[in-house]
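All remarks here apply to the structure that follows.
Lettered A, B, C, D, E and F in written order, each chain numbered from 1.
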Amino acid sequence: MKRLLVVSAHAADFVWRAGGAIALAVAQGGEALVVALSYGERGESGELWKEPGQTLERVKTIREAEARRAAEVLGAGFVGLDLGDYPLRVGEEALWRLVDILVDFAPDVLITHTPKDPFNPDHPVAYEAAEKARQLASGAGVASAFRTIRPPEFWLFEPHQPELCGFVPNLFLDITPVWEKKRAAMEVFASQAYLVRYYSERAEHRANHARRISGFKDIERAEAFQRVLPQVLRAL
Amino acid sequence: MKRLLVVSAHAADFVWRAGGAIALAVAQGGEALVVALSYGERGESGELWKEPGQTLERVKTIREAEARRAAEVLGAGFVGLDLGDYPLRVGEEALWRLVDILVDFAPDVLITHTPKDPFNPDHPVAYEAAEKARQLASGAGVASAFRTIRPPEFWLFEPHQPELCGFVPNLFLDITPVWEKKRAAMEVFASQAYLVRYYSERAEHRANHARRISGFKDIERAEAFQRVLPQVLRAL
Amino acid sequence: MKRLLVVSAHAADFVWRAGGAIALAVAQGGEALVVALSYGERGESGELWKEPGQTLERVKTIREAEARRAAEVLGAGFVGLDLGDYPLRVGEEALWRLVDILVDFAPDVLITHTPKDPFNPDHPVAYEAAEKARQLASGAGVASAFRTIRPPEFWLFEPHQPELCGFVPNLFLDITPVWEKKRAAMEVFASQAYLVRYYSERAEHRANHARRISGFKDIERAEAFQRVLPQVLRAL
Amino acid sequence: MKRLLVVSAHAADFVWRAGGAIALAVAQGGEALVVALSYGERGESGELWKEPGQTLERVKTIREAEARRAAEVLGAGFVGLDLGDYPLRVGEEALWRLVDILVDFAPDVLITHTPKDPFNPDHPVAYEAAEKARQLASGAGVASAFRTIRPPEFWLFEPHQPELCGFVPNLFLDITPVWEKKRAAMEVFASQAYLVRYYSERAEHRANHARRISGFKDIERAEAFQRVLPQVLRAL
Amino acid sequence: MKRLLVVSAHAADFVWRAGGAIALAVAQGGEALVVALSYGERGESGELWKEPGQTLERVKTIREAEARRAAEVLGAGFVGLDLGDYPLRVGEEALWRLVDILVDFAPDVLITHTPKDPFNPDHPVAYEAAEKARQLASGAGVASAFRTIRPPEFWLFEPHQPELCGFVPNLFLDITPVWEKKRAAMEVFASQAYLVRYYSERAEHRANHARRISGFKDIERAEAFQRVLPQVLRAL
Amino acid sequence: MKRLLVVSAHAADFVWRAGGAIALAVAQGGEALVVALSYGERGESGELWKEPGQTLERVKTIREAEARRAAEVLGAGFVGLDLGDYPLRVGEEALWRLVDILVDFAPDVLITHTPKDPFNPDHPVAYEAAEKARQLASGAGVASAFRTIRPPEFWLFEPHQPELCGFVPNLFLDITPVWEKKRAAMEVFASQAYLVRYYSERAEHRANHARRISGFKDIERAEAFQRVLPQVLRAL
């Protein structure tokens, strides 16, 4: 029964890259929460802007609704911080809102973007905010000075061009049992049909990798992650 | 109930660096086997050579007996391949003996030295042999051509000067429950009192690291490892 | 009109990973030659070994024929060195045969495996042989002591699990115009239907990456490579 | 016929490090534009400050004139953003000016400093601004929301102490045909005679490297660059 | 007779990590100065906050007094910049104060935190400030525009979990002769008994490493550092 | 009064890359010894092979004489192991000869090639032999089993294309006082006039780097090295 928090730079990132992890956490009886720092209204809403007379507010409303619906399909809560995108900026106040969310939700696992991404100005900003918030929420041991939580595991999800983002997976998650949920969540973003297909194939490829590493022949879909910190085991 | 195989360049390496992991595997109802490629008769038996009239054969006999006793204390089997040390050489025949051991024992986890060690000519040789043997025992999927096993996890144990060996731990193992066993095994090598103390303190330091990472406040001793391949998870 | 030499550890590697590059070189009026160091008779011929009474010689004959046919489809020559696999060993004599092939063929581009591959004991051996042969064939400037050629470009093709092999592509090749040739060559290895699909999807993903990097919207299939040495340009 | 944009932290950086590339682009019928973020009035104008009664404004005026003249010699346009140096700061407004310049000029190649430089506080700032501007100008696919251009190639030019800046060249450019232009441009900065000599010798060394890599024996002067993103090729 | 400047993110960092270097500099007839950017009043004063009715001002006063006393024991001067912690922010004004301190003190060696630390939000901020200040104080050669000093050596001291901070020591300092001074300085922070023991053991471990590297058998305590820049030697 | 041992893959490597260090060691009253593993008779004697009727033996004799003379000019002893080049192979017996030389000479500093060099098949072989010999000569503490020496410092000298060999200097040596000796030693290899000029200019560039790092304005020539192991200091 794990608690999972996903910090997403834009409205849809969490679906493609961690939708399986979210659905699995929920299927295991756990709880999941998605925080979208922005709605991707400028940089990732190309289709919507083709409509004549489109406005920033309307784009944000549509993206927010889609993201919320996708989170629902996966069984997760959703919070949008509406900080703006391209470029995303996370100021002191927004950082402390993120800290508060972390302390209130007290996740076992925190997932976000890679610290490097040559294709996106906002992903590294999201990483930095998530890292700092995690440190502030848990790193200091001063019970009376500020509320703290047990430090969550810290994972990166798979970027679009892994090698160029310095992403080296050290964890594959078998999402076979919840695949249909992830597929349904991806289909909420119907206009991005290409991505549905891309991440469906990717899930099969990662499953192939996972089978080869582990020998578990029944893995059919998987997601790749990079654990930033060492894992602490209490049994082999 | 995990099966654990440790490939050690010299007779005592496995005790200092993976003694806790071995004892824990056994305590959990699993099985452990230690393969020592050499007895460390030249490079790691300084005290014994101070005796006048000492011979290579006698040194090997003593080291073999100590290593076997230490393995016994931890609850593990012990096999010595007697390939010679300083420098250790693993030829084609020795490699296939290692493959056979792997296939017969079918471990869940394989542990050995780091591929780089500026202080020891034999440790990288042991790594290379263990890696190749693991690939030959499990990597190929040709059922009828040669026997294969499910690929074991592949871990590196902590070298003496971690940073200079490129060792970056991504796994801390809580060995608190089996600490007395590790201590007893280390004390078999009574003449190396310094190492007993060094690795006792190290276990506490790694526990401190593990507590800080995980928030589990009752970890008192830990061992550090680096998992070479991604982990494949079937649940969060 | 480029001359392309591909050094493949096993019989089929060149098809999945550089089939497009080969077909493109030929389509541009160039010439391509494949050197297979082994036939992959032990490690990569699982299906064939399922036949009762199968023999090593027969497996090698079948694999050799398939590889030759696939090379033909792509328009390339084919040489098998039959050095044995799992593990592949390239001795002094074999190395000099490779040097001779390089000097005779005088390629503009030499392509082989990554120097690191945790999933395959033979790929790094092929890399090392190709690198040494390239250096011996071209690196020294002693015209009268031994024949030399102009140093070819040195590329790595894409391994199965790129990040874990330390593969970071710095070159995407648009293989859209020759895609049908690559597909046909892959289909020679009919028994490995899964790989046909895997590398077909991969070609689309790499095309997606290449489009995003370059903005060339008509790239539909691509292959990824890593150039080992700097490129020398004579015009921007 | 390539369009080349060079982003220089201070007034003269572009001459020493990319003067050949600029002259070559122009000689090939292309177009080049230099953007200097500052005039290097504090940190790189030591000689000028030796004059009694010197003022900041006068130093900037002199440096601006020199840089403009050097750009002219190379055949390039010149824009100075006058953001101040030691330390250079690029705020939101300046970033968008840079984006506008990129969108208006639509370069094929964008060249700037390395992201790391232990000897200069301003070079990494210039890198970061150029990277973000490039992403904002081209990375997002939202045609109607903001104007975008085809993503230019992204190159780093050679820093003064390459290894300590993490610079690993993957591209050498033969500037033999335009060497006299580069030399003339360098001589505009007559007071820095040492640098003229240093970069003249460097051009010969890099030519030596390029000859050794390529076998092209007629390269006499070269510049080294590091391409940040993979190259997308449409032919071998 | 070396002059040593230590930039510490919080009040006590310098004692655990560079106390020996400070005492040694002083014992050799040199001079040492500690700059604490904050007092660690929020993140590193857990014990103090257990007192009922505790206030931020009181915590800072106590920490400042302890740090000053510890510096005194080591023979160093102490300056507290009181910039606040968790998170520490170093603005333009604070940066220039640091530059002024550097220029006034003119150290031979500057020591600070690692640029990466997954366990602490403030350590990388301290690194960045120290690096920029060092560059501004010494990097530019403009005598008349601003005062400059001879560039000090730049060292990183040992973080709590070295490998995870990317710390690779390239310098061990034998602190045997001043060990009692370091011990006494650590004991000023009596409430942190655990750290006293941890860093005492660490000093012995590093001495063990140093003995093994150098063969100097009389080293009993050592500190590890990473020199950021090459050393310039005038004799072997 | 330092003892310096240089292991050179071919006859002339030591002059270009460590001639200054050798001359400096001698000038300080120390002693220097050069071990050439081969004479570079195949790969680095291009000029000599242009003579009609040239033979391998004659080339080796000439190269041996030149190398010996150059060593003499620098004040160093010279030993040629004549192991052959292109490719160089260091077998078990040759390794033990190198160990014996190390134990007999007991150097304070050991210098050799980088472990990686894409332009030369022999340099990494020389590195590996030097590293193993150093470990065997000093790494083990077994006084009675085999003679050992105090572990020498381990340095890499500058390769021809530093960045491509992964060379990152962490040590610059001021060779101004012995420059004339290095120049004279280089001139022994008169036929390689280009290299004399290249390494003369390089010495000035490295001096420029060293001045900028250290502020010592009187450094006119320098050599760059990379210390492989941490330095152990007994005073700041």
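Here is the rule we go by: contacts are C-beta pairs under 8 Å (C-beta built on N, C-alpha and C of every residue); 3 or more make two chains touch, one makes a residue touch a chain.
Here the structure is a predicted model, which is why all the values come from computation and not from measurement.
Chains making contact with subunit B as well as with subunit F: C, E.
Between subunit A and subunit D, the least number of touch steps comes to 1. Among the remaining chains, A is positioned farthest from subunit F, on the basis of C-alpha centroids. Spacing of subunit A relative to subunit F, judged by their CA centroids, is 53 angstrom. Distance from the subunit A centre to the subunit B centre is 37 Å, each centre being the mean of its Cα atoms. In subunit E, the residues that touch at least two other chains are 119, 164, 169, 209, 212, 229-230. Shown here, the protein chains touch in an arrangement that is not a line, ring, star or fully connected set. By the contact rule set out at the top, the touching chain pairs are A-B, A-C, A-D, A-E, B-C, B-E, B-F, C-D, C-F, D-E, D-F, E-F.
Listing the residues of subunit E that touch subunit D in their complex gives 131-132, 135-136, 139-146, 154, 228-230. Of all residues in subunit F, only 42-46, 49-50, 54, 86-87, 118-121, 164 touch subunit C in the complex they form. Partner subunit B is touched in their complex by these residues of subunit A: 2, 4, 21, 24-25, 28, 30, 108-109, 138, 150-151, 169-174, 209-210, 212-216, 219, 222, 224, 227, 229-236. The residues of subunit A lying in touch with subunit C in their complex are 119, 160-164, 167-169, 194, 198, 201-202, 204-205, 208-209, 212.
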